[in-house]
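The structure under discussion appears below in the form of structure tokens.
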Amino acid sequence: MLEHGVDIVLAGSIAVVAWRVLLEPQLFRSMVLFIAMGLMLSLAWVRLAAPDIALAEAAIGAGLTGILLIRAAQTEAAQEAAAAAREAATSGWRRWFPGAGRIVSAAAALAFAAVLLVAVIDLPGEPIGLTEAAATEMEASGVEHPVTSVLLNFRAYDTWLEVGVLLLAAMGVLAIHRTYNLRSTRSEEHTMLVLTWLARIILPLAVLIAGYLYWSGTHQPGGAFQAGAILAAALVLMQLAGFRGVSGLSTLWLGAGLMLSFAAFLAVGFIGTFEGEFLRYRHATGELIILALELTIVVSTAVTLAALFAGAGSQSGDDSDAVRARTPPESL
Amino acid sequence: MSSPFEWLIFLPFAGGVITFLLPGKSRPWLALLLTVGTFAAAWWLASDVWREGPQGYALGGWEAPLGINLYADGLSALLLLTTSAVMTLASFYSLGYFSREAEASSWTEARAFVPLWLFLLGSLNALFVSRDLFNLYVALELLTIAGVALVALAGGATALRAGMRYLLAAFLASLLYLMGVALLYGEFGVLDLALIAEAAEGGTRAPVIALAFVFLGLGIKAALFPFHAWLPHAHASAPAPVSAVLSALVVKAAFYVILRLWVDVFADSVTAPAAQAAGALGAAGILWGSFQALREQRLKLVVAHSTVAQVGYLFLLFPLLTGVGEGAWRFDAWAGGVYHMMSHAFAKGALFLAAGTILYAYGNDQISAMRGLTRTLPITTVSFGIAGIALVGLPPSGSFIAKWMLLTATIESAQWWWAVVIGAGTLLSGAYVYRLVSAAFTPDTLPESIRPVPRVMEYASLILALTSLGLGLRAAEPFDLLEVGAPFSMIVAGVGT
Amino acid sequence: MIETGGWLPVSILATSGLVGIVIFFLDEPRHRTRNFLNIFAALAKIVLVAIAIGGYVEGEEYEARFAFVLEFDLLLRVDAVSLLFAGLSSVLWLLTTIYAIGYLEDSPHRSRFFGFFSICVTATMGIAFAGNLITFVLFYELLTIATYPLVVHRGSEEALAAGRTYLIYTLGGGTALLVGVVWLHTIAGPIEFGPGGVLEQAASGNSWELRVIFAVLIGSLGVKAALVPLHGWLPVAMVAPAPVSALLHAVAVVKAGAFGIVRVVHYVYGSDFADSLNLLLPLAIIASITIVFGSLRALAQDDIKRRLAFSTVSQLSYITLGVAIVGPIAAVGALVHLVHQGVMKVTLFFCAGNLAETLGIHNVSELDGVARRMPVTMTAFTIGGLGMIGLPPIAGFISKWHLGLGAMEADFAWVIVILATSSLLNAAYFFPPIYAAWFKTPQVEYPPAPGRLETSWMLLVPAAATALMSFLAGALAGVPYSPLDIAELVAEVVYPP
Amino acid sequence: MSTFELYAALAAVLFAVGLYGFFVRQELVRKVVGLNIIGAAVFLLLIAIAYRNRGDFADPVPHAMVLTGIVVAVSATALALALARRIEDETGTRRLPEDEESS
């Protein structure tokens, strides 16, 4: 029963923190709370026998997303007041019914929650899923960790497309900034000595941890995305400490880093078609191929996430004004 | 690589990788080549479907439920053909549209455009052949991110804001969809559509609620009224070929998933009131979109609002499919709805490309600035006119046949109110198309300077428009193809269990 | 597919259709090529129609059938009534083309004009040879679309307004027609035209539904046939150039409506069956009201073309009236008037155009003494006008005579009153201009003729030719292959003795 | 109440919180945070379902789905923030004007 109590406390705190994230008037603090929520969720994942997710959440969900948000929040503070003033003077029906928007939104959100609760209660309580199927086939997948076998063999196609999403986001960020590399992104001016020092220590450590996570992914919790995220965090830290990081990469190298994993899946898929189906790799070569693919995922994820971080916080590219002048004028 | 499925996925994605990494002016030509190749692959798949019935493919050799399976019936084949045809012509168009920008070391739209473009094609292909709930989610997500990036490519505050709205709406929609998928997995324990179709019988509340989440998410992505607010500016402020493809294909992709789930998988779970509700939202979309199109002053916004209206027609399909009380589903409604999707894809593609040409030449796209168009850009005017005909649903366009089928279904299932909606929609679309055409016929206070338009742009939109017309002249084969795999059972011999 | 004999209707359509498309892409200054193509195609069409008439009388069958969609075919078939209409249109197309070449000399956009003109004629031929309802609808709508650019050809505010009115009416009518046709199909399946009607066997059970459908069909066809109160677009559309008026009033548009009514009553419902549903008397009454109303309005117009336009409203309903009266003689009257009205009205519009183009005369009040300056034109005008009144031996007399006889035969004595009233009114609005032109003294000095002829030969010859035809069609009505002869052939088929 | 039900219920609550935040907050960054909370809710439900299905190990398929979902979410978040950043560069604010919505 005590075990259950832990869960109740954890769930309650997560709900409360989530609510605080919303309520917190100051954006920066709200983001810190968001990270805290992510870490608590990691605990929940552990409680729910999902250590892989816990690692991923800590590294990506709470870690990198949090850093992204905090960085976005830094520049917000000054504008907050002005924007709030504008919001107060909203136009249209909102002026006549100042609280209406909130009430309607709250009602909608509660309705959704109620409906979801009904659905959840209605769900069968007994196991219905693919646990058995995965257990039976795992041997043929080439790895001994079920999540990895799903991610990189049974449903490798999804993972490939997921890598594609990450890649597209990076391409999108580059397109938004009208640049092909991140060299023009703003370098950090207020670097603290302690940060530089920290970066020097953390980078090798991160490489070590990432390497361990990567290697262990075939037979125990851990894996390529988590490893990549750890590396990315280190790269971001370097960036914050004033090192060039991914911003130092040339167009070609950055592109190669972003594309590596996606292209590797493509190549493996292509080779697979000679044996049978796209992305077919079974038994004998399975583990080797999975390890190779995971290595590319580590590299690409690290580069991409770091690039996304640099892009999301950066000023636009140098030549953006010149480009804008050449685009057709708009009439709005 | 002995299966068309492989080529459909491989070609565009490989092209995306190559064009992103390699420098050089050949990039747009490579994109064109690959879209043509994709069309060939789609043709291959369609002919397989035509001859042998629905096709299946187990990725990595893993059968469902553990693996991800692909599936193509007549519906998928037709949409794949439409997709690659529209994208091929839009690629032609983009050769001219982006040609002015010197390919130097500085950033150019053209260079960023091509890889994103091919990724978009790949994700559309992936989506239309998917038979897996979660794989559909990933494909939809690829599609969204590529779409947003392409919208933002245009630069400028309007496009960026439009891209932002698009992203926020689509992000929320994806999460709603995923929530539905989670509930469905909780209920059925599988992700493969065919297996879910076997298991689904209606009954408990959880699948119904799950479906509500799924359809809500997809409805947002398909710009179903009242979730359409993100669409007009996103589609109007993107670069022309992007606008064309977003309106012609990307919105349809979300609708396709709804259709697939509604008809193929959960036919027993969806109820008549739900169908009527979907139809009502569609009808509201038709009216609202048309009225907005009548009010807008900018050409591309008119065309974009018209997409909201035309999407509405698609949702009329659901009440018509089964009729009020009867259980048997109606092929005419089904075929009419799908044919409308196709015809509209070509027509709307043509319209957006033509609008892009006008914007390119005149420097703005105010309707009032379109005067004298018949003289300055005669071919574009013709494409405009033909695409307009298809949009209104006049013969001999494909939309006419679609409307014919939908009307037949309306009357035979005794749901006259939908006939009223279709009629009103026709007249309203006639009205906003008229606005544009009459502006083009107004003579000749020409602007001082008109930027010369590459011929390839004009002809690309013309061919698209003519295709929408050609669909109206011969519908027998597409309809035969549509019958393959319908009425619906997604279970293919040899694939799935 | 196409039988050996099926090529004939297809090539009759193709002569104008292909030429139309080619003309679109001709550069504006290539007048000779364009004129040659136009006239060559028109001559070819006349020859082909003549072959068809000859063959049909000999008992040949010409039928082209294409699979269209599902159980529907596109069907082109030669029968007696289609030959009547096609013969009229092809001959008038030639003359109108010659006239238009003269009339539009030195005006811009001639490629566009003649392109759409040819498409219009193609659509008209399609309407004539349509062998089933869906084919009919297809070409009927195509006609609407192709006429619009001609109506707004001048691009003036007035022309655009007229175009808008035209579209509102015809698109509304087209939508209603579509609904009616689809509805009918849901009851009776695909409907091929058959003399004497096909519905009695196919769908006699649902008499109320059939009545409503009849009302919808006649109401929508009545837009183009200018039945009161749906005639509003016709007088407005007279702002178009004279050749377009000729096209609207004589060659194509209004005829398409009237022809459609003939098809629906005689070839779909069958007049006996329609009568048994009590549908014909209301139709006769509406036609009668239109006849009188049109004439009354015509009286009040000073603008010549407006007067002619209201005259068309009135005269067209003779056709409808003849259709609504059961019996072979009235049918002959209706069908022969389809031709006669066309020939006479086109004469009048040619003359009005000549007056406007040569002397700038637009109003009846300016006609004083104009016959001295333009004797040939006014002779033609006089023949046309007298024919409209119904004076023997001009064509109009033949029509009215048969209508009167038919009414007597069917015990519709009140129709005689209508005919008499109408003839008086016709006289009242045609005599004053004729009188003024011949017998009054000119108010102003007319500019002298440019050459030996009173105006360009291209304007004069068509007017003279059609006037002559109006005369001959009446005087030689008994000759084989005359319009009367063919109309009697039709009546024999429709009312088998 | 089983552990599965507890966390599934928490998912419902988080979903509502995130949705409310998405609706009422006008700053783009906060809207994105709202979406991320909704995402967490979805992931929670999936993991809870995986937990319900556990045999020798928890159901790996939802785990893989959540991993994918997390990566997708961070991608979309980064793209949104980059867009927000550029919108700020162009217009000086990180909010979207309301009047465009209706048109």
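Worth a mention:
In order of appearance the chains are A, B, C and D, and numbering begins at 1 in each one.
Simple rule for what comes next: contacts are C-beta pairs under 8 Å (C-beta built on N, C-alpha and C of every residue); 3 or more make two chains touch, one makes a residue touch a chain.
Remember, it's a predicted structure, so these values are computed and weren't measured experimentally.
When you average the Cα atoms of each chain and compare centres, the chain farthest from chain B turns out to be C.
Here B is the chain whose Cα centre lies closest to the centre of all protein Cα atoms. By C-beta pair count, the most extensively touching chains are A-D.
The distance from the centre of chain A to the centre of chain C, with each centre set as the mean of the Cα atoms, comes to 71 Å.
Computed centre separation for the pair chain C/chain D is 67 angstrom, with centres defined by C-alpha atoms. Each chain gets one centre point, the mean of its Cα atoms, and the points for chain A and chain B are 29 Å apart.
Along chain A, residues 116, 120, 123, 127-130, 134, 150, 155, 158, 162, 165, 168-169, 172, 176 each make contact with two or more other chains. Touching of two or more other chains is recorded for residues 66, 134, 138, 141, 145, 148-149, 152, 156, 160, 163, 179, 183, 185-186, 189 of chain B. Shown for chain C are the residues that touch two or more other chains, of which there are none. Here the chains touching each other pair up as A-B, A-D, B-C, B-D.
Within the complex formed with chain B, the residues of chain D that make contact are 15, 22, 28, 31-32, 35, 38-39, 41-42, 45-46, 49, 52-53, 61-62, 65, 68-69, 72, 75-76, 79-80, 83-84, 86-87, 90-91, 96-97, 100-103. Across the complex, chain D meets chain A through its residues 2-21, 23-27, 29-30, 32-34, 36-37, 40, 43-45, 47-64, 66-68, 70-79, 81-86, 88-89, 92-95, 98-99.
Interface residues of chain B facing chain D in the complex, by the touch rule stated above, are 66, 134, 138, 141, 144-145, 148-149, 152, 156-157, 160-161, 163-165, 167-168, 171-172, 174-175, 178-179, 181-183, 185-186, 189, 191, 229, 232-233, 292, 296, 301.
On the chain C side of its complex with chain B, the touching residues are 24, 66-70, 108-109, 112, 134, 137-139, 141-142, 144-145, 148-149, 152, 155, 160, 163-164, 167, 171-172, 174-176, 178-179, 182-183, 185-186. Those residues of chain B that touch chain A in the shared complex are 1-3, 5-6, 9-10, 13-14, 17, 20-21, 57-62, 65-68, 101, 106-109, 111-112, 115-116, 119, 122-123, 126, 132, 134-135, 138-139, 141-142, 145-146, 148-150, 152-156, 158, 160, 163, 179, 183, 185-190, 204-206, 209-210, 212, 237, 298, 359-360, 363-366.
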